[in-house]
Structures are given as structure tokens and as C-alpha cells.
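Each structure below is given as C-alpha cells.
The same subunit A turns up in both complexes below, where it pairs with subunit B and then with subunit C.
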Partner chain A sequence: MSQLRTTTQAPATPGVAGARKRGALRALWRHRWPLLFVSPFFILFAVFALYPIVFSLYLSFHEWRGIGAMRPVGLANYSRLFTDRIFWNAMQNALLLFFIYVPLMTFLAVVIATMLHGGFLKLQGMWRALIFMPHLTSMVAAGFTFRLILDTHSGFANRALTLLGASPIPWLDDMWWARISLGLLMIWAWLGYNTIIMLAGLQTIPTEVNEAAAVDGASRVQVFFRITVPLLKPVILFAVTLSIIGTFQLFTEPYILTGGGPMRATETPVMQIFSSTFANMRFGYAAAMSYVYFVTIVVLAIVQFRLVSRGDR
Partner chain B sequence: MRAGHGDLFVKGASYGALTALCVFMIFPFVWMLVSSFKPFPEIFAGRTFFPQEPTFANYLALFERYDALRKFWNSFYIATTATVLSVFLCALGGYAFAKFEFPGRKTMFAVMLASMTIPFAVLLVPLFVMMRNTFGWIDTPWPLIIPGAANAFGIFFMRQYMLSVSDDMLDAARIDGASEFGIFLRVVLPTALPGLASLGIIFFMASWNNFLWPLTVLRSEPMHTVPIMLNSLQGPPGRTAFDLLMAGSVLSVIPMLVVFFVLQRYLIAGITAGSVKG
Partner chain C sequence: MNKTVTQLLVMLIALLLVGAAAAQTPADALEPNPDLHATLEIWAWQGSGVDTFADAEFAEYYPNIQLNYVLRPTPDTYQQIQLAAVAGGGLPDISNIEDSHLRQFLELGILHDLTDRVEPYLPFMNEFKWGHVERDGRYYAMPNDSGPVALFYRRDIFERAGVDPEGIETWADYYDAAFVIMEETGVPMWQQAGARNSGRLFEILMWQRGLGYIDEDGNVLLDRDEGILEILEFMGRFWDDGLALDAEEWTDAWYRNFDEPNVATHPGAVWMGTFFKSWIAPDAAGNWGVIRLPAWEPGGSQASNDGGSSLVIFEQSTQKEAAWAYVEFHLGRTASQVQTFIASDIFPSLETAYDHPYFSEPDPYYGGQVVRRIFTDVVQEIPEAGIYNVDYQEMNGLMAEQIQRFATGQVSASEALSAAAREIRSRTGRR
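Now for the complex of A and B:
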């Protein structure tokens, strides 16, 4: 790339400006190797991310069915979006789902990581592998399997409950239970991943700290809440931030498990963007939706970060 | 720590809790497997846990009626190509950021990190338009290989890894007159092999299980990958072919489990790389 530039734009213009230009080109040439090495990323980024994002902004001010001419509509897409109940319902679902599974999952991950850490239990590697295994599964395969297990009439879950004398649960047929079922699938798929992150975090805490506390007569539970959790805070913060982004990006799990139902209770923003584009052919509207969605995630991530890291300084 | 009755109790409770949790983790796999050997009516009405008369019919039907072999080949081909290309380009970029000083390095690195925050859904619509109207790549493997080939996460990951490559070794190679690209190929890549393995597993897994983007760009049936094939077995309520679905799910999970148990160490190293000191 740099070579090309030297040959095409190096007409020797006399004077100071020319000398400076030549100096810059010489610097480029001198650093041609590292620049060449990082260029694939920046070329692909420009073509497949930057340009689409700009094009998408342009698209969001138009009405377009994917083919034919685009019709400029100004801010109409955005103004319609702000009163679009279905879209905001999907955003709200993502937020609800976040509160349903992320606190529980993060807490479990910290507890399990603490249990597995430092040779307290035997077979550490086996437990870790078994808890992590679901993360490798295609969410399409897992989604269908959960759908089969949680089927209200013939699923294994309700048969087991009936056998135990409990009444069956409308896992996928009730708005709240469907959200909980989706949360269960999320915990199943992501608990192992979070546990491994927490385990890595625990390895950075010096063991003397725990030992000193134990000598002072602190119980395991006290050590956990007073020492482990506070010291692990940066790692927990990292994991929760990933979970926020992950929850708002959800598509496959609800698409397969519930199809967004019942009554749109588990429909997510990405499902909305997808169906606006490919079912309703409203490309401009979907583009506007993507923008509002993106800004919302960024704001939420920042708010979360501020809330949790407040008082650290 | 102190040993005593309290400790023994905590230990017992921990083993109990872990066992219960692992049952929850493994049960869906078990159910997938036993259901895949049951005929369709038995999946819904059967009264026994294990199949009454185990049958391979579901697996056979998947290959005969849905050409599953081709879908597996598509998945495998795309995942392998995408992984090899991405790992190579990410190693190249990571090496440059770790071991070279060049103008604009800090800015470029910051731009790259910032790009990680762009959710894919934001790109879905414009990227699809681009694939269809500009490149004509619908129903080809390219949209699944090229756009993500050099990604920020991979470069960041490889950079962390390359920081530990010894400068003396690089300088020695330079004195011997090796070209910069030659040094990368013959000195840097071999020493970074464990890092490449970690990244490779993560990329392969992500590609193998990818759903939204292939669903968007692979429209015609012979081009489908395994997750898209499974999705296409879905029918109207009550008509979803759960018998074939479970067989296909089992087959789709097996390669990942094999990779996991053989290369577990590398995978876990890859996952934890970004979290501590990220």
C-alpha cells in the first residue's frame, strides 16, 4: 500500500512543503512492514463496517424496499420509531431478561469459581469441563432441545413435575414463564463461560489475603462476601458488561425457543430488526431501528459502568 | 484453612450443589441423544426415558431426505477457511501492534478496540444490501469468510500473546538478513503456536455455530450450513420434525465436544485472555 503511494503521489514539488511531504512518505516507506501487517484489518473495517454504518445512516432517512429507488423521508422513520410499541416492547424484553438471568448467573459463577478455586474440591477440571460444555453447543440445537423438554403437554420437565406430584408449568405458553425459560437457557449456555472468567480473576488474588482472614477467625462465607467479592469486582464488572451487550444482541435463542412469543413476550430488538428487513422489507426503517438500538446499548453500558464503579476512587 | 465440622459441611454442600448443577448442564445432551433414537410419535407420547426400540431411522432420513452430508461439508468448509484466514491475519496484525513502532500506532489501536463495541445487528441491514447488490455474494461462502477475516478481538488477543515473543530472537533473525515477512512466518508464528490454537478454536466454534448471518445470506437450500438446516426442519405448530432435529443436533454437537475435550487447555486460555488485565 505504501509502495503504491510513493510511486503515484511523489511528484517532486520544490520548496518546504514538498520536502515535508517527501519526509512523510519516507517515514511511511520506513514503516511499510508494520503498516502492511495491520492493513488487512483497516481495509476490511473500512469496507465492511465503516462504510455500511455510514450507508445505514443514509438509508435511515429513506424509505426503501431493498430494490428500486430510495424515497427520502427525512426524519419520518425516527419519529415513527419513537412511538413504535413493538420495538420498545422488544427493548423492554431485553432489559427484563437481563434482570431475570444475569444477576443469578453472575452470582452462581462467582460462587462456583470460589468452590473450584485453590484445590478446595477434588476433580476441579472435571467440574469445570462439565459446566462449560453447554457453551460449545449450537444455540439452534440447544434451543430445539429445550423446546422439547419444556413442552407444556408432553415435555420431560412437566412429566417429571407431575410424577413428583407438582402441577405442570406453562413453560413456553405464559409470558413470564417464557421469559424465565429463556433465562434458563441463557444460564445453561453461559454459566460455564462466566465461571471461567471468574476463576481467572480469582487466580490474581494473592492467597495470603484469604489465609490471613482465616487466621483472624473469619468463616468461609465471611471470606467470600467480605474479601473475595470486593477483590473480584473489576472482573465481575467486565462479565456484567459483556452480559448487557450479549442480552441486547440475543437472536438465535428466542428465535428458536419461543419464536418471540407468547404475545411478543420474548421478542428481542435484533428479532425486530431482522423481521423489519426481511419479512416487511422496510430497509430504511430497520436501519433507523439499528441506530436507536446501538445508541441505547452504549448508554446502558456507560450507565452500568458508572453505577458499579462509583466509589472506587 | 481450619478443618472441622463446619468445613466438612461446606465441602459436602459444595459437592452436592455441583452435582445438581452438572445434572442440569448434562441433561439436555442426554435428552437430545435418547430422543434422536425414538420415532416421532414416541418423542411426544412415549412413557419411557430410553427409546423402546432404538432406531437409526432419524439419522438415515436426515442424510437421505435433507442431504445432511452436504450441509456438514458446507459448515466444515466455511469454518475451516474462515478460521485459517482469520488466525493468520489476526496474528499478522497482532504482531505489528506488539513489536513495531510506527506512526499512528496508538490511534489505530484505539480505533480497533472501539470497533469491538459495534454490535453485529447494526451492520445486518447495510451489510446484507452490500453483499447482494455490490458483491453478488448471496448464496456463496464469502460473506461468512471475508468480512470478519481480520477482526479486532483476534488482533487484540494475538497482540497480548506476541508481547512475550523475545526481541533478541527477532533481532538475531534480522541480522541474519531475513525479510520482515519471513521473520513472521518462520520465527514468530512457530513460537506463537499455542496462541494460534486458542484463537483458532474460538473462531472455529463461532463459525460452526453461527446462525443469524448465515440465515441472512445463505438463501438456497444446497448452500445451507448445519444450524440453518436444523432451522429449516421447523414447521407449523405440531409439525416440527423433532425426530430429525434431535438426530441433527447430536451430530452438530459431536465435533465441538471432540474439539473441546482434545484442546480444552487452549480454549480456556483463549477465553480468559481478555478478562484479566483487559
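Now for the complex of A and C:
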């Protein structure tokens, strides 16, 4: 399109534009086989990702029950979202959950990765496998197991607490405890994954830095906080960004563990999108929700990126 | 004179014929029809009972109709229907759908209009069922089963407490008995989750009084009816006074509490008895009994409904004649419905089935009580109520959340109801 305009608006150099166009075509033709071989990805991406993304945007300005005519409603879906308590509640849950588990999980991941990396432990391969194992477990199975363990009346956790003389905890029956229980499940499932990322990051830190610090008389704790963590910052930043996205996209874990309850304390944004679409058949409203969540995630990621990288300048 | 006698005789014979015909549905007179050729696909959820339909007999009547069943977990069934509807293809010929979900699909316009076919069956089915499948005087499904509700109680606990279940006539009596039972046996009266309440009991109690989320005009009723407030406050007293056992429905703890028994009663639909008998408490034979629901005021309604389903034919089906033959044979024919009931305890909506002697037999699981008769009485008195509607799932979710807040002491009963009503109004655009 822009090329077309260039040719019409700049008649003085038609030959240059034409040649460039011909050149591009020739380049395409020259690379036809590599392009053909990478095309499946782009075709699948266009059909299953790009099209739904664009269509959802279109959908978000309409009211639609899945079949039949779409009724254009302009910005009504968006304006309704801003007064929807359940929508903001899900947003708030995602934020709370993020603060409940991500800092602790990230910290533990760095500590464990440092221990695995530093050669403090024997049987390194076994420890690495063990720490990563939960991530490979089916989340549905793990969720059900956690639900059985944390059941207030008959769960193993409360039986153990009672045996120890403590009073039972309403793990899944109290709004705050339910969020904490969900955080526990998240840490259990994602700690290994984050540890592996940190471990990969640690490999990039030159050993000379650590050795020099040790020679200068720094303790292990000092090395950890003064050298490992600062040098690992880009990796930590990357892991936390993934966690932000992961928390806002959370579905399976709360769906199985708590069903979003009690009192919607653990209902996440995606669960809201899911029930708006599949239980209530409000496709347009759900699409508007998806877009608002998307913008929120982008904004959060940028803010977090700015906050953390500010110290570098 | 002679003429008058003849006239009277003719009238009498006509009346007798009509009377006899009333107990005979059109499907009871069906003739075998080998001319219908089709392969029907039928969707249902696991445990819906369609796998106990009288298909062997159906094959004798319609030897050239093949049946292909697809059974899925309940939520999957509905999602598959939705996805197929949105995709514009891939729907089966027939599906079994719970009445709680039916209205959503009806409003989508994907169900075949069955008005002409089901009209002969209008007088033969539980009257309240037709309200679920009708829109603007047209009918879009054929009723399959109903969920008449009664009060299941543990005979052993009532005996230990010295409480006569037959003496419980109103919910006030029930509340008093709960105190005695707690004092004498230490067992709570019912299982009702607080923080994880599903809203089902609340719906049962509303339905009993002909109340619901909405009134006949579709306007939200929750915060406009004293009776609804009374129901929620009544439930609240059991939590406040420690007479309710807090366990989430459909969990292992919940099942175990019925079996142990850690609970004295359960207000539940007929299918719950099936579950007690078959897998929740199979060893408790003789220990369960059934009485009708306590009334809200002496002489008031003692009938309610929970659940129930219907069969639909999709507009997409290209074999509607054969599909209707299947639906009519299984749901309109007395012998088929009786057979299904005996095989699976799926309680027929077809009232001619209730004349079968099986309904009058004593049931050893209930200590020889003639339990089925109670449910046939209840089912014919179920009032119409604004519970199942196109927005039912959303309403149930919003109300359940408020019941949870109420049960955990965060809001009062009237605050819970007005909050739920307000949110239902803003989300569904109702008044």
C-alpha cells in the first residue's frame, strides 16, 4: 500500500520503486524453499492466533450469544466492565495472588539454584530432577491431590496439625487461607521451573567474580546478596515477567483446587472469561474482558521492567 | 324415555372410553415400523440413565434405526453442544439436557420445534415440566425425568433421639427436632456447606413455595418477597445454632457423612435415594426413611423439584422423523418409562407410568416403606417456579456467593438477597 502511494506520488523515480519491488519479488522467489518450509508456522499462527485475536477485538464491540446475529453495542461492553464488581474482584485476586507467591517463589528459586550450582550438594542430578518433577506432574492430578490434603474436615494437613496439638486451619474455606493454599500449590508446581531458569542464569556469571569476592573475605551470604543476585537481575526480571503473565492467565490450578471460591476469593481473570463465555454465553463481554486483561498484563510488565531496571542507569 | 336412557348409556360408554384412554398415551399404541431408516447419534451425560433406555424393544419396533450413543461428563456435554452450535455443524440428532441448562439452548434457536408432536402428550406429563421447554406457546423438548424432592432421614438416629419423623409437619417442627436430635445424639440435622455453599438447598426451598430468582414476568424476585427472606434466615439459624454440618457437596467427606452417619436428614430429590442405595451408603439398608418435605405453614406445599431433564432434537438433524420415533418411544411410552425407572431409578415425568405396581412395592432399603408412592404424590404437586431460566447458571453463581457470605457472617440475609438481586439485574438487564 505504502509502496503504491510512493510510486504515484513520486513519479520522478518510478524506476527505483519498480526495481525495488521486482527485487523483493526476486528475493522471495530465491528463498522459496526455506520460506515454504517455515510457512506452516505462520499459517497456523495466522489461523489459530492472529485471526482469533483480531476477531475478539471485533467481538468486544458486539453482543453475541455464540450463534445468530451479532448486535453492535459500541463501547457498552467496556463501560459495563468498569462497574462490574466481579471483574475487578478477579483482577484484585490475581494481584493478591501474585504478591502471595511470586516473591517467595522467586527468592527460593534463586537460593536453590545457587545451592545446586555451587556444588554444595552431592547427587546434583537427583536434586535437579526432584525439584523439577512437580512441574511435569499433571496439574489436574496435583490440584485434586492438594484438595484432598487441604480439606478442612478430613484432609491430611489438618489431621497432622491436630496430632501436633495445633488447631485445624480452614485451608479452602476461608477467603485468605484459600488464596494462600492456591499460592502454595503454585509454588509447589512452579518452583522447579523457576529454579531451572535461575540455574541457567548462574552459568553465565563468570566464576572469577565469585572467587575474587571469596579471596577478599566475603562470606557466602554476602556473595549471594552482593554478587549473585545483582548479576542475576536480568534473569530474575525475566522469570518475574513470566510469573506476572502466568498469574493473570491462571486457570487450571484454581479451577481444580477451589473452583474460584470461597466467595470468589480465588477467581482469576481467565476463569471469569471462561464462565462468561461458556456458562453465560456472553461472547462479546468476555472478549472485552480479554482485551482489558491483555492491556493490564502489558502495563504491569512494563512497569515492573522499568522499576527493576532503573537502578542500572 | 327410552331415547333418554340410550343417550345416557352412550354418554356413559363414551366417558368410560375416555377414562380408559386417559391412561393410554399415543405411544402405547405404537406399531412396529421397519420403514424408518436412520443412524441416530444421541448425546447424554454419564449417569443420565439413557444407557438403560428400552433399546432392545426399540430395535424390535424400529429394526432399521441404529443408535449411536456418546456419553460424556456433564459439563462436557453442554460445552460440546455449544461448540458445535457455534461452529454450525457437528450436533447430534438428539441430546438429553438438564432442565437447568435447557433454556439457554432453546434461546439459541438450535432446537427443533416439537409442538405438533408433543401436544398429544401435554396431559400425560408432570405439568410443571412443560414450563421448562415452552416459549411463546411452542414446545422444544420432550420431558424425560423429574426431580421430586422429599426429606430423607436416618431411622437409627431419629429412634435414638426419640423423635417421631411423622410428627414433623412444618419447617418449625423440623427446627425443633434438630435441637432434640443434637441434644440426644450429637448429630447435626443437615449437611450445608457455609463458605462453599452451592445454593441448591436454597433453590429447593424457594421452589417449594413457587418462588424463584424471577417472577412470571421475568423480573428479579429475590429482594421483593418476604418468603425468600424467611427461607434464607431459616437456613441461617442452622449455621448459627450449630445444627448444620459444614461439608461441601459431592466430596468424599459429604458422602461419608451420610454413611457414618454424621447427619440426620437430607432434603433431596428422588435421585439422591438412588445414590444412597447404590454407592453412597449401600450398607445402610433399613436405616433410611422418607417423609414429605415439611411445609412452611400448616397445610402448605410439601412438594419441590431439584434437577430433571428432557430430550431435544436439534434443528440441524436431517433425520427428524426417526429422531422423534426414538424420543416418543422412550419418553412417551408407558412401558419404556417403567422399564427405565426399574433399571436406573430415573424418575419418569410420564404420569401413566405411576400406575405400574412397581411404584407401590415396599422398598427394603427404606425398611419396607413404600417410598416411590411418596414421590409420585410429590411430583404431581410441584409448583411452577422461576428457578430454571436462560440466565440460571449466572443467577445460581451470584446467589451462591451471597449465601456463602451470609453463612460466614459477613452480611445479613436481606443484604445477601439485595446484593444478589442487584448484580443479577445489572448483568442480565432484568428489572
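Couple of notes before you dig in:
Heads up, the rule we're going with is that the second predicted complex is superposed on the first by the 289 of 313 C-alpha atoms of A that agree within 3 Å, B and C clash if a C-alpha of one lies under 4 Å from a C-alpha of the other, contacts with A are read in each partner's own complex, and residues count from 1 in each chain.
Keep in mind that, in the parts below, a contact is a pair of C-beta atoms (placed from the backbone, for glycine too) under 8 Å apart; a residue touches a chain by one contact, two chains touch by 3 or more.
What you see is a predicted model; the values in this text were computed from it and never measured.
Legend: residue contacts after superposition of the two complexes on their common chain; A:104 is shown touching neither subunit B nor subunit C.
Legend: residue contacts after superposition of the two complexes on their common chain; A:52 is shown touching subunit B, with no touch to subunit C. Of the two partner chains placed by superposition, only subunit C is touched by A:261; subunit B is not.
With both complexes placed on chain A, subunit A has more residues touched by B than by the other of subunit B and subunit C. Of the two partner chains placed around the shared chain by superposition, subunit B and subunit C are both touched by A:278.
In the superposition on chain A, A:65 makes contact with subunit C only, while subunit B stays out of contact range. By the document's definition of touching, of the two partners only subunit C reaches A:174; subunit B does not. Contacts of A:154 after superposition: both subunit B and subunit C are touched.
Residue contacts after overlaying the shared chain place A:229 against neither subunit B nor subunit C.
When the two structures are aligned on the shared chain, A:308 is found in touch with neither subunit B nor subunit C.
Touched by subunit B in one complex and by subunit C in the other are residues 66, 148, 151, 154, 278 of subunit A.
Those residues of subunit B lying in contact with subunit A across their complex are 1-2, 6-7, 10-11, 14-15, 17-18, 21-22, 24-29, 31-32, 35, 43-45, 89, 92-93, 95-97, 100, 102-103, 105, 108, 111-112, 115, 117-130, 146-152, 155, 180-181, 184, 205, 208-209, 211-212, 216, 226-227, 230-231, 240, 242, 245-246, 248-249, 252-253, 256-257, 259-261, 264, 268, 271-272, 275-276, 278. Across the interface of their complex, subunit A is touched by residues 79, 82, 85-86, 88, 104, 107-110, 194-196, 246-247, 251-253, 256, 391, 393-394, 397, 401, 404-405, 408, 410, 423, 426-427 of subunit C. Contact residues of subunit A toward subunit C in the complex are 65-68, 80, 83-86, 148, 151-154, 170, 172-174, 261-264, 275, 278-281. The residues of subunit A lying in touch with subunit B in their complex are 27-28, 31, 33-35, 37-38, 40-42, 44-45, 47-49, 51-53, 55-56, 59, 66, 108, 112, 115, 120-121, 127-134, 136-142, 144-146, 148-149, 151, 154, 156, 188, 191-193, 196-197, 199-201, 203-204, 210-211, 214, 219-220, 235, 238-239, 245, 248-249, 251-252, 255-256, 269-270, 273-274, 277-278, 283, 286-287, 290-291, 293-294, 297-298, 301.
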